[in-house]
Amino acid sequence: MQRFINDPDRVVEDTVSGFVKAHADLVRLGNNPRVVIAANAPTLGKVGVVTGGGSGHEPAFIGYVGRAMLDAVAVGELFSSPTARSFHDAIKAADGGKGVVCLYGNYAGDNMNVKMATRLAAKDGIEVATVVANDDVCSAGPEAREKRRGVAGEIFMWKCGSAMAAAGANLEAVRATAQKAIDNCRSIGVGLGPCTLPAVGHPNFTIEAGTIEIGIGHHGEPGIRVEPLKSAAETARDMCAIVLDDHGLSLGSEVAVLISGLGATPLNELYILNDTIAAEIEARGLKIHRTFVGNYFTSLEMVGATLTIMALDDELKTLLDVEVRCPAPF
Amino acid sequence: MQHFSNAATGDIVLAMADRIIANKAYLSEIDGKIGDGDHGVNMAKGFGMAADRLRDGSYRLSEALDTLGTVLMSEIGGSMGPLYGVMFTGFAESLPKSDAVDSTAFSRMLHAGLDEVQSIGGAKVGDKTLLDTLIPAIEAFDQATGSGATFQNALVALRTAAEAGRDSTIDLVAKIGRASRLGDRSRGVLDAGATSCALILVTLAEGVTMKLTS
Amino acid sequence: MQRFINDPDRVVEDTVSGFVKAHADLVRLGNNPRVVIAANAPTLGKVGVVTGGGSGHEPAFIGYVGRAMLDAVAVGELFSSPTARSFHDAIKAADGGKGVVCLYGNYAGDNMNVKMATRLAAKDGIEVATVVANDDVCSAGPEAREKRRGVAGEIFMWKCGSAMAAAGANLEAVRATAQKAIDNCRSIGVGLGPCTLPAVGHPNFTIEAGTIEIGIGHHGEPGIRVEPLKSAAETARDMCAIVLDDHGLSLGSEVAVLISGLGATPLNELYILNDTIAAEIEARGLKIHRTFVGNYFTSLEMVGATLTIMALDDELKTLLDVEVRCPAPF
Amino acid sequence: MQHFSNAATGDIVLAMADRIIANKAYLSEIDGKIGDGDHGVNMAKGFGMAADRLRDGSYRLSEALDTLGTVLMSEIGGSMGPLYGVMFTGFAESLPKSDAVDSTAFSRMLHAGLDEVQSIGGAKVGDKTLLDTLIPAIEAFDQATGSGATFQNALVALRTAAEAGRDSTIDLVAKIGRASRLGDRSRGVLDAGATSCALILVTLAEGVTMKLTS
């Protein structure tokens, strides 16, 4: 493994340690080294906003802690949900007396650990509302949206929810806005190459050279089909079709677009994808309000990309455009 | 009536931890076939940490189980942290205040743990999970005591059913968890959680058997 | 090649096209499709700031065009200098009547093309000052600093020069500040895996598994040694030693730190490097003013990282902290 | 005195372009051994673009050379764009206003191009670059005319020296450009630029020879 690591079993510890050193102006650790807290959190009288998830997706999740962004993040092992205790500690760190919203992704471990953390927080007298992201179109059919995984759409959910909280909204309003944000998101991942958990030492799955896996998940969960590798334009058109057919937006709708690399795909290729994606979206009579292209939500050194399209209304547009300060390039 | 003493049996949890740690590579290998290959690592880490906290004293079984459950819940995360976490704290909380644990109390304990696992995980028999070990094992124990078997003999029934339940997962298609995304490809191998659950139940039955008095 | 491309010979065109679509709020194209111009450039009465270089280093160079950042960038083929004409067009696009400073990297092609562009601009009556970045420590000894290549230190040079220009300084002052910025930078690259030019189709060089190349250049130029792969901490200490021994900073000096991935190294590994790098810098009695960790200056999908340390004085500190808006996460 | 007409010899540049394009893969292969394998691609792209602009008309040699140099400079970038760009525009600018080009004027043209290449590139003989072809070729031409050879025979001397110069690069260690970073490992193969330069000079000499009148 051609990697910069010290000990395969301490990748998360070392990552968080180096992260906090780099961004001490924005983040800090509390007593639990698996909870990253915004330097200015908690804010008295503000609804706290937290998330959490497995590591290996950097800059997600920790990179989105900051000013007008997340108040605290629970940090799991690589590709593995944080503990209930870490979620609980994150909730406590974010609590400014007005309740806490936990905005997380739809994975078995996260669901269980958040559920337990919520119970623990209730005992502390902290009211917790939750929103579960399920933007990954290929992980279940439209009739079973609640089974879909959460992927890069979480970033838009965090942003809109956090901005709403920063503006002084109450718990129910923050929850409802975050729920609307993720309801308005559809995402798809395409994979060109696998990744390896350092402690495991061999790729978790394979993608044959000359093929592409359409609909792959953020941990290499199988997609809906494997097919011969096509041009970037054809792939981009497929991605748009899957996302927008599921979306079913009306003509003239405004959207935000997020194209994220999965870790080892060079940035220029993401821009090549965007060249066609932007054209496709506009050809469908939609209006692009903003585009984000970069490594926003990765999967270790997986080769591939995700596309997220969020439908915007005036509220979401305003919230998305709030200036924030966080370590991730957002 | 056969029973054992809660007060002096915390070391059963140490035996469990030793067994899990000894099977670390084996459990990960099984998980690697249709999961992500970390089950042994996760389990050994959690059980090892709990054992470290228990090694230097003598604890009541309920205390030791509570420590184990709490460590799993607070240090392991993933899916196994909460699932086994609530199971062991469920076990611990239901053990009687009085010292003597008879087969009725033991059955109550098993059900308390099972209820917690099902309430948080939502799986059922046939989904190819640890419940394919746990549920038949508890049923066999209850059936044995119901038909008049001694505590000791009921524990034999529990062990046998746990191992049979584990083996039943070979032919199952995973319906829940990571392996479920593989569909039919998940058939033909043991489920990792069912395998660790059998190790846990067998060690528990062995430990209790040795402590039984009448 | 597991890539998102359309035509190996049109990678640059498609990249620039997708880039401009994504960032139309900040950048635009003029008549020359190989020149990316800030949306608000030229600014009358402001010194123009331009750079240029080969493609494949995204977000460098184009991502650093923006408000209070670069006014225009000349875009070359992958790993190949832009034409003299593109440099010339970039200079013209940036010219606000007060002269233009061209801040570029020390490579043969760039030197020649900038020299020619400067002559052409002189015929237009545009005064051009140049600064050549040479921050890559391993590319020549301390006695031959003028031979060293320019690498990620260029970003600090651009930032400080651009901020100085935005503040209204004259051409000589902007040039002098940019020169000071790069004089104060030292960088090193370490490589764990090669990259492939799409039109060539096979890696430009090899790095054996289990080895690391210390001092590798941004196009895979050979480093000073190849050695067995070590822990992240040991590698980080080597990187710091090479950079700081060459730097020779006095106790208590303040520095800015930039750790950039080369393209395919996951972000968490860069943070693992930073964990030791930050400790090493502080152990030498230096004070870290700011740290940047991310994919700032890449080399297609090369696996590896670069470290840049810039010594700060009050002026550079102020300039570095000016808020800017550009597509790159800076 | 032998001379040729500037007015009707622009097609020599088309012949050069054809020669370079025919050798695209070969030049890239040579460059791939110690460089980055793109020399043939770069050269074919630039010469091809220039040829496209010249294909449909009849141009003076000086015009055609100027077009070629300008295209290289404005469309190719890298190192070859400026190096060959200034060489060809240098050639073009020094050709006499009068139509007839004799060996003295031809020599002046060659030197003008060489001066430009050296002023921008800073390389010298022995650095393993195109100058190892260009400089001996010009010297051989001048020496031949100096010792009374005809223009035609001097062109033969130029061709022979260009090819010998190209071959001399095999034993050289690169001192400049990309390959110089390889140190001793750059010995044993031809230099790509020296090879393309020989193609250019040979085609030029052939073309001029065919147009000579006395």
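A, B, C and D label the chains in the order they appear, each numbered from 1.
One rule holds in what follows: contacts are C-beta pairs under 8 Å (C-beta built on N, C-alpha and C of every residue); 3 or more make two chains touch, one makes a residue touch a chain.
From a predicted model like this one, the values you see are computed outputs, not experimental measurements.
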Required minimum of steps from chain A to chain D, each step between chains that touch: 2
Intercentroid distance (Cα basis), chain C paired with chain A, Å: 29
Inter-chain centre distance, chain C versus chain D - centres from mean C-alpha coordinates, in Å: 34
Distance from the mean Cα position of chain D to that of chain B, given in whole angstrom: 82
Length of the line joining the C-alpha centres of chain B and chain C, rounded to whole Å: 57
Category of the chain touch graph - line, ring, star, complete, other: line
Residues of chain D touching chain C in the complex: 32, 36-38, 41-42, 73-79, 81-83, 85-86, 120-121, 176-178, 181-182
Parts of chain C lying in touch with chain A, wherever the complex brings them together: 2-7, 11, 14-19, 21-23, 25, 55-56, 58-59, 192-193, 207, 209, 229, 231-233, 235-236, 259, 263-276, 278-279, 290-295, 298, 300-301, 303, 305, 327-329
Contacting residues of chain A [partner chain B, same complex]: 76-77, 79-86, 108-109, 112-113, 115-116, 197, 199-200, 204, 217, 219, 221-222
